[in-house]
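The following blocks contain the structures, represented as structure tokens.
Consider the two complexes below, in which subunit A is the common component and subunit B and subunit C are the respective partners.
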Partner chain A sequence: MMKEKMLNWVEERFDLSAIRHLTREKTVPVHRYTPFYYFGGLALFFFVVQIVTGILLMLYYKPTGENAYESIRTIMTQVRFGWLIRSIHVWGTNLMMLAVLLHTFAKYFLKAYRKPRELTWISGFFLLVLALGFSFTGHPLPWNEFAYFAAKIGTASIGSVPLVGPWLLEAIRGGQGVTGNTISRLFALHVVVLPLVTIGLVILHLLFVQIQGSSVPIKVKPVGEIPFFPNFFLRDLRVWMGALIVLVGLATFIPAELGKKAAQFASAPAGLKPDWYFLPMYQILKWIPSTILGISGELIGIGLISTGALLILVVPFLDVKASREEESTWFTVIGVFVLFVFMLAITIYAKLY
Partner chain B sequence: MNASRRKFLDGLLGLFSLAGLAALAYPILRYITPIKKREDSTLSVVASKINVLTPNTGKLFKFGSKPGILIMTPEGKYRAFSAVCTHLGCIVQYSSKDQQIWCPCHNGWFDLNGHVVSGPPPRDLERYTVFIKGQDIIVKKEKA
Partner chain C sequence: MRKIITIILVFTALAVYQNVHAEETSCQACHAKLNGRLSEPVTQWKNSVHHQAGISCTNCHGGDPAARSESSAHNEKTGWIGKPGPIKSVRICGNCHGNELFMKKFDPNARTDQLKNYLTSNHGINIMFKKDGKGATCVSCHGAHDVLKAMNPQSHVYPTRVVETCAKCHADKKLMAKYGISGNEVSEYKKSVHAKALYEGHDLFAPTCNDCHGNHGAVPPKAASIEDVCGLCHALDQKLFNESPHKAWKESGLRGCMECHGNHAILKPTDAMLAPGKGICLKCHETGEKALKTMNTMYSTLTGLKRKMENTKKLVDTASEKGMPMDDALLILQEARNSYIKSHTAIHKFNAAYVQQTAQGAFKEVIKAQKIAHARIAEIKKRRAFFYWFGAVIILLILLLSIKIRIMVKKKKRLP
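On to the complex of A and B.
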């Protein structure tokens, strides 16, 4: 009764038909690939976890060269449940990257990027880049040995971008070298700039999905459809519950480490490797010789990686067959090659050697 | 007449808008660009005392705001280089086992003259002059 009155009060002032439409009429097609619809929601769930734990970490973290490491040590050793919050944030990064990558590959293999969903794919591509950006700007913040060299190498590769590289390098580092100034700048990017851009883009991405509905794979006939709310939403919720259990389990039994404080005058430790999702890029930088035909190896590496990224971005426009609702086997073959040969094999190789 | 005047005014408006944007962007870009610190004018530094290094070992030292590496070769000669790897700026170390300078980040190797042996580094390490004055090992670079 009360609820109805309140709803009526709002309704007299705002038109809620769009929300009512979403809750009552939005449906999700049911077919054998329906479980692949979960990954996007899963990535969103982990993103929310990162925001919540990130805000909590900000209450104690101090983004300066003198205090960053010590403040994380305080979080890990003295703040109640601080170890858990930080461990969830660290594991959350890994699981979010995994969910984002699974979501990307699922949509790729189901050709969900085909007409009319090109813009959904493009906004998703930029969300993937932003996810990598979060990791890149967040990793140096604890200011341990690993963080220090990650910041050094990561920013140094920016310096070899033609024309704007040197300026960009200094703008990100806050000077010639990696110092406390670098922490301030990465921190501002990590907690303000990237979240603002990401939240905006997530809203756009979801709006596209909302307007166009879920994509059904080529030549797949749905056996029916279920209401989004509450049926599909409850299934989503079930997946999120599972994800939370896995996340908290990992954070509890394999908590994040802190390592040694960064020293500006110490040799890089042996066995230094980036996170698993950066390993293919790392291995390419390692393999490419210093110069090829007079062009610097770094520039070639950056060129290769950018070209690869650009190809992924324009996939919807390259795969014309899929846009005509015809099966595009070649794109599946290329996808299998990129996923298994390139990503998995190089990642495993880089991890082992 | 009217149409061409409208076109002209539209163009002018566009130009002014661009100028306005540039006026906003310029101070922001200048603000982001870090303040230039005075050039590191350190030209020489005491890298170590004698009798600290034994043959076939090396140690890092502070050369102004950058790290350097002092090495005693297996023959007992001192050599000094910039310890900043020319690839992506990691800090190198001396490998006694291989008698070479090693950057662990991307597996770059330099010989005892600072020349690249293998791996991705594009240039040799900057070499410094070493001399001994009393108890001190002094490392000197030619120019800042």
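On to the complex of A and C.
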């Protein structure tokens, strides 16, 4: 009774038909690939976890060269549940990247990018880039030895971008070298710029999904459909709760490390490698010689990686067969060997050697 | 025109030849063409500090560097002396190296007391006064032609090479027997903690032969000076030793530090040196003496502290492996370790109460670190217990949700 009264009160002032439509009319097709629909929701769940834990960390974190490391130490040792929040934030990054990559692979192999969902794919691609950007800008913030060299090496590659590289490098570093200024700048990007852009793009991405509904793979006939609310949402919720157990378990049993405070003149610690999701890029740059025919190897590497990324971005326009609802075996084969097997192999190789 | 060019070219070539020839003395020009030991000096000298300083062959050997034939170059009228003998070579070196005004042209801080010191050494006495011709001269250690500054890593007297240089004579048992020296000194030194620091730890300040025996004025330290020699580095040990009941050792004819630690084969001291029934004190003291009671007490204090430190380190490592930040405890343990080292130094006072008092500081630090480690391990258990409860609640919720989903599916199936 009370609920109805409240809804009527809102209804008289705002048109809630779109939300009513979402809750009553939105359905999810049921077929053998339906479980793949969970990955997108899972990535969203981890993103929300990152926002919540990020806000909590911001209450104590101080983004300056002098205080960053000490504030993280305070969070880890003095603040009640600070260790848990930071560890969840650190593990959340890894699990979010995993969910985002699985979501991308699933959508690629199910050819969900085909007409009319090209823009959903493109917005999703940029969300993947933004997720990498979050990691890139967040990793140096604890200002420990590992973070310092990650920032130094990571930002150095920006410098080899043609024309704007040196300017961009100085803009991100806040000077020639990696200093306290770099932390302030990366922090601003990490907590203001990237979240604003990401939230906007997530809304757009979800809007596309909402308008066009879930994609059904080529030549797959759904056996039926289930309402999104509450049926699919409850299933989503169940997956999220499972993910939460994994996340808290990892944070409890393998808490985030604090490391040693960054020292500008110290030598790089042994075995310094980027996070696993940056390993393919790292390995490619490592393999390329320092110069090829007088051109900087780093520049060639960045060029190759950018070309690969561009090809992934324009896949909906390249895969003409899929847009005609025909099987495009070649894209599946390329996907299996280039996107999955090669990336997995290069990641494992880079991790081990 | 062609003729003029040819003449110019011929004269230019001659001028260049003359110029090259003028820089090179006849000593180098001839000896470089010879074989083996007669040509080696040229190469060696070219890389030496003497070549850098412009000191040439004739400065030591005499002769005429501008001569065109061997007979005129090696003419005694031009002061040629050939290969100088031991006494002469010392004097030749001393001529320059004992001349302050000359040496300061090259280095304002150059030493000029080498010859003076050498004459006080056993090497110098044997060569210059006893004239036995067997002692070491300047060239025996520094080389004749390949003389380098002492801190040049290629020099024969560089810290990592000087032991081998001394070993050339001192490892020769037959030669050493004449002087009442065993000839085992070098091999014993190589087993020592000092050699380990030098060769394995690459510590150039680690003592080598010349740090204890002197270099130019090399003498074996007498019983009275051993303690002072060791005290140059081990100052606190020396101070405590002088405060100990052993301070009267000089009168008893004992040789200070050497009595317990040896001389060349000085091994890393361990607690076992104080072990009841086996300790080093038993060398002089007899069962039932008060000194052995002191030894036993010092042993139990030090080994007790060591055990406690090791156990605490294990606890700290356990907490660290489980993800707890333990650098505060590690820092305290490091301080405890420093106090532990001080407790070892305290032994030299041979006063059990003093050792216990010094070790007390370390004990306090270890207990502090132990408390931190216990608290962190308890915190780990608490965190894990929290997770088990949290996990159980979430799993229960997942089960309830699954039941709800199943009911919804069944309801839908029942609908027409």
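Criterion: the second predicted complex is superposed on the first by the 350 of 353 C-alpha atoms of A that agree within 3 Å, B and C clash if a C-alpha of one lies under 4 Å from a C-alpha of the other, contacts with A are read in each partner's own complex, and residues count from 1 in each chain.
Simple rule for what comes next: contacts are C-beta pairs under 8 Å (C-beta built on N, C-alpha and C of every residue); 3 or more make two chains touch, one makes a residue touch a chain.
Quick caveat, the model's predicted, so the values are computed rather than measured.
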| item | value |
| --- | --- |
| Subunit B versus subunit C as contact partner of A:117, first or second or both or neither | neither |
| Contact breadth on subunit A, by residue count: subunit C or subunit B | B |
| Touching partner for A:177 - first (subunit B), second (subunit C), both, neither | first |
| Contacts of A:272 with subunit B and subunit C, given as first, second, both or neither | first |
| Contacts of A:285 with subunit B and subunit C, given as first, second, both or neither | first |
| Partner chain(s) touched by A:235 [first = subunit B, second = subunit C, both, neither] | second |
| Which of subunit B and subunit C A:190 touches, first, second, both or neither | neither |
| Touching partner for A:264 - first (subunit B), second (subunit C), both, neither | first |
| Touched partner set for A:153, first subunit B, second subunit C, both or neither | first |
| Contact set on subunit C toward subunit A in their complex | 323-325, 327, 383-384, 386-387, 390-391, 394-395, 397-398, 401-402, 404-405, 408, 412 |
| List of subunit A residues in touch with subunit B within their complex | 149, 152-153, 156-157, 167, 170-171, 173-177, 181, 264-272, 282, 285-286, 288-291, 296-298 |
| For the subunit A and subunit C complex, residues of the former touching the latter | 73, 76-77, 83-84, 226, 230-231, 234-235, 237-238, 241-242, 244-245, 248-249, 252-255, 257-258 |
| Complex contact set, residues of subunit B against subunit A | 32-34, 37, 60-62, 65-67, 83, 87-93, 103-107, 116, 119-123 |
